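In what follows, chain A forms one complex with chain B and a second complex with chain C.
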Partner chain A sequence: MKAIEVEHLSKIFKVQQNRGGLKGALQDLFSRQYNEVAAVDDISFSIPQGEICGYIGENGAGKSTTIKMLTGILVPTSGRLNVGGYVPHEEREKFVRNIGVVFGQRSQLWWDIGVIESFGLLRKVYGVPEQDYRKRLDELVQRLDLGELLSRPVRKLSLGQRMRCELVAALLHNPSIVFLDEPTIGLDIIVKTEIREFLKDMNRQYGTTILLTTHDLQDIEALCSRVIMLDEGHVIYDGGLDTLKTRWGQGTRVTFRFGAACPLDRLRLLTGGLDVSWTADNELHAEVLVPGEVNVSDVLARVVGQAEITDIKITETTTDEIVRQIYRSGSAGLPEESVRAPHA
Partner chain B sequence: MYYIGLVFEYLKNYMKTRLTYRADFWVEVISDLMTQATNLVFIFVVFGHTDSLGGWSEAEVIFVYGFFMVPYGLFSCFVNLWNFGDRYIVKGEMDRILTRPAYNLFQIFLENVDPPSLIGSLIGVVIMIASGGQLGLEFMWWHIPVMLLFSVSAMLIYSGVYITLTSVSFYSDSPTGIIPLLYNIQNYGRYPVTIYNRFIQVLLTWILPFAFVGVYPASLFLGRTEMFHMAWLTPVMGGVFLAIGVVSWNIGVKRYRGAGS
Partner chain C sequence: MRPMLSAYTDFIRIRFLTMLAYRVNYYSGILIYMLNIGVYYFTWQAIYGGKGEIGGFTASQMTTYVAVSWMARAFYFNNLDREIATDIRDGSIAIQFIRPYNYLFVKMMQGFGEGLFRFLLFMIPGMALALLLFPVKLPSDPVAWIGFLVMLFFSFLINSQLNILTGLAAFFVENNDGLMRMKRVVVDLFSGLVIPISLFPGWLSGIMQWLPFQAITYLPGSVFTGRTKGTGILDVFGIQLLWFFGLLLPIYLMWRAARKRLFVQGG
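Our next item is the complex of A and B:
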């Protein structure tokens, strides 16, 4: 069963254009010019139940706009969407009982009252029966180690503490689909890891479908089997993280430091027949790029016996690098077959 | 039932927050009462110069003012949209509201409840009793249910007008100056409309029907037979204006475009 289905979804914003200067401001007063900006432009994807899917893209790529349409906050300009059996913006009040939403930059909790009071109020708003609530709360409090925080007012919590409370607040009604918009923004590495572990457990235990946006690709690596990458409102990649790596990764980079001069030509000769490319700063230092198909050990075997080597460093292309490269090239420079990779 | 339960929950929460800022609470009550007192003083000053205003005596005008305070107190307590544009549109708190399973406008009312305003309603009742006594009005049993009906209807008229105008915030990014203007116009409704010229009378009766929040319903208790038919129109106007408000609100919410990231 599909938890989220999106077909040809678009959202167009009218943006007022301000003319410069005092004269321009006066002109704006009487006749305004509008620009139409497509924040999300004809995207389609579907997410099966129980999947954790990462939604990435640069600032302004349209991630938040998509999430806001999927959660029923914004009404799409065109396209069809179905989330957990509902059209979000049409049956908003019924639909939201089934989802949990965490906006990393915005709080769900009441600022001045104790955390536990906020939870109690949310219980009433969501109409969760007392018994279920107790059970669920105990479980979450224990899992996220909130014990002594519960009686403190939200304004006195640190960001990490608050974020853990936000998660509980979004999950009290045991939603089957959870949307997380930058859930780890501004958190230290320990809290980040804790939250990732928690989300993974929840997904395993309850089969919760999770869609998260993030700028921290470690979130994606730790959690997601699938990524959707967005650029200027278009989906530029949709598929497995592994596929992304093999398709876009440039393979492995091996750096050599030589004891005696070893010119490039000689190195090229040594690895003749293998599809690798050498670069060198000087004769004592060279770098070889080994694509995914070629075995790194083959390359090493050919070089090691023949040259006097003082140091070898092997580095894998990180997801960060891959993504940075894709962002930089944008959708235009992509190899055609990778645009819509098969779902992993 | 669900919604009534929520009202109590939010009121409980309001109390909890307010107990931490007790001084604030009293400052608010006192400043509210000061405003009302100045308005009353104004009436006394006017009647220091004349015995009757367009055929209305001092005690009658004060009775109308007392009536006005009752729905106005209810309105200020439960329907507070004063900072809606700033807080919910510009800061984007509407996002949070829209992801919760209760009617969004109702949630906004609940988040901004202001029980101290109800003290104004109580004082309004006291003023009506005092000036009614002065006028020699006889108290009847049906005054209570009718008073309740009219107060709630009048409050709905207020709510409808403010909801309609607040829903404009969904269309324009910048906060509009309409609401403060409205607060000025509504003041006219506290006095007998017959003292104004034709244009303002029509305005206050049919377009921004603030006369239904004061003089029309109060006339029933004052025995001003020439306005009885208008008095009984109050609940109808309440229904109509609330409906207009809710419909334009729902259209507006569809246009909500969120804020920030």
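Our next item is the complex of A and C:
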């Protein structure tokens, strides 16, 4: 069964245009000009129950707008939506009982009251029976190590402490679908790891469907088997993380430092017949890109012994680099030489 | 499954306790209200001179009216307009939409928690102080007391409804500060807080009978001062009821329109 189904979803915002100068300001007073901006432009995807899916893209790609439509906050301009059996914006109050949402940049706890009081209030808001609440809270508090934080007012918590409390607040009613909008933003590596572990466990134990937006690709690597990549409101990639790596990955990069000048032409000659590409900053320093099909040792065998080498460094293309490449080619419209057309 | 009723009463309780935590702010408030009552009291004393009645008010009724109007304001006043506008402008309204409750109803409850705090810790001690300082005459008829207290609650409801409408305007205009300031002045003036409505020129008081503002201060004040008695109390209470139900419609329409327009600031 599908937890989330999205078909031809679009959201168009009217953005007010301000005319310049005093005359423009006066004109604006009487007749406003608007620009239509499609934040999300005809996207479709579906996510089966129990999947953890990463939703990535640059700032302003339309990630948050999608999440806000999926959670019933925004009403779509057009398209069809089904989340956990509901059309979010139409049956909002019933629908939200079944979902949990964390916005990394906004708190959903009440600022002035103690953490435990916030939880108690949420219990009543969601109508969770006392017994279930106790059990669930004990479990979460133990898992996220919140013991001594519970009595503190929210405004006295550090960001890491607060974020762990936000997670509990979003999960107290045991939702089957969870939306996380940049849940690890601004957190240190220890808290990040903790939160990732926790989410993975939750997914395994309860089969919770998770849709996650993030700028930290380590979140994606740790959690998601699938990613959806967005650019300017369009889906530009939807598939497995592995496929993304093999399709977009540029293979291995080998960096050489030479003791004596070694011109690029000579190096090209040495590796003649192999499908590799050389670049160099100067004659003492060169880099070769070895695609997946070519054996790195073959390349090394040709070069080593023929040139005076002082240092060799071998690096795999990281997801970060891959994604950076895609972003760059996707938005600037200038495909890098080794990057194939992004449309899946 | 509805949210438990106790969730809504919890919003009242929590707001009450939060206000209690910041109660020191309110001690100065009592002084300011006393000062206002004092200023109006002496002004009216000077205006009356030896005259028996102005606009149907005797000098002693006027003193009582001024004191009770300001003290009623201490109860029904709240900042729901500002709170709602802030939620809309900084985008935290998004959080309100992921909860299975009605945002405006929650706001109303919070406003009531604040009202309850102001009633117990502001209005009652303030009224006691006013009794000591000025020749205020409390009604002797229990019907006037009951009528006044019921109407006072509806003053709160109607004033909060107007606040909600003004606050929701932030959905439609970029900056509704001016609107909120104007609303505050209009409510103070047209509700009869500054000058009782019967003292306005005929045409203006005629218009005012068709506006909701008189239901906030003037009508309950008339009951308290004994200018409206017996079945007259039911008549003025009826006006309040009409406004209370009448204002639900524009709130509903505005809320529905706002849902479609919602534009969460800050991504």
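Everything that follows uses one rule, which is that the second predicted complex is superposed on the first by the 317 of 344 C-alpha atoms of A that agree within 3 Å, B and C clash if a C-alpha of one lies under 4 Å from a C-alpha of the other, contacts with A are read in each partner's own complex, and residues count from 1 in each chain.
Quick note on the criterion: contacts are C-beta pairs under 8 Å (C-beta built on N, C-alpha and C of every residue); 3 or more make two chains touch, one makes a residue touch a chain.
None of these values were measured; they are calculated from a predicted model.
Q: Both complexes share chain A, so when I overlay them there, do chain B and chain C fit or clash?
A: In the superposition, chain B runs into chain C.
Q: Check the residue A:R302 against both partner chains and state whether it touches chain B (first), chain C (second), both, or neither.
A: After superposition on chain A, A:R302 lies in contact with neither partner.
Q: State whether A:L121 touches chain B only (first), chain C only (second), both chains, or neither.
A: Both chain B and chain C are touched by A:L121.
Q: On the A-aligned overlay, A:R106 touches which partner chain: chain B = first, chain C = second, or both, or neither?
A: Touch status of A:R106: both partners.
Q: Contact-wise, after the overlay, does A:F13 reach chain B, chain C, both or neither (first, second, both, neither)?
A: both
Q: Residues on chain A in contact with chain B in one complex and with chain C in the other?
A: In the superposed arrangement, which is not itself an observed complex, chain A uses residues 13, 16, 59, 64, 68, 71-75, 89, 92-94, 96-97, 99, 101, 103, 105-106, 108, 110, 112-113, 117, 120-121, 124-127 for both chain B and chain C.
Q: Can you check the complex and tell me which residues of chain C touch chain A?
A: My answer: residues 1-4, 6-7, 10-11, 14, 17-18, 21, 91-92, 94-95, 97-102, 174, 259-260, 262-264, 266-267.
Q: Which part of chain A faces chain C closely enough to touch in the complex?
A: My answer: residues 13, 16, 59-60, 64, 68, 71-75, 89, 92-94, 96-97, 99, 101, 103, 105-108, 110, 112-113, 117, 120-121, 124-127.
Q: In the complex formed with chain B, which residues of chain A make contact?
A: 13, 16, 59, 64-65, 68, 71-75, 89, 92-94, 96-97, 99, 101, 103, 105-106, 108, 110, 112-113, 117, 120-121, 124-127, 181-182
Q: Looking at the complex, which residues from chain B come into contact with chain A?
A: 2, 5-6, 9-10, 13, 16-17, 20, 92-96, 98-104, 107, 173, 254-258, 260-261
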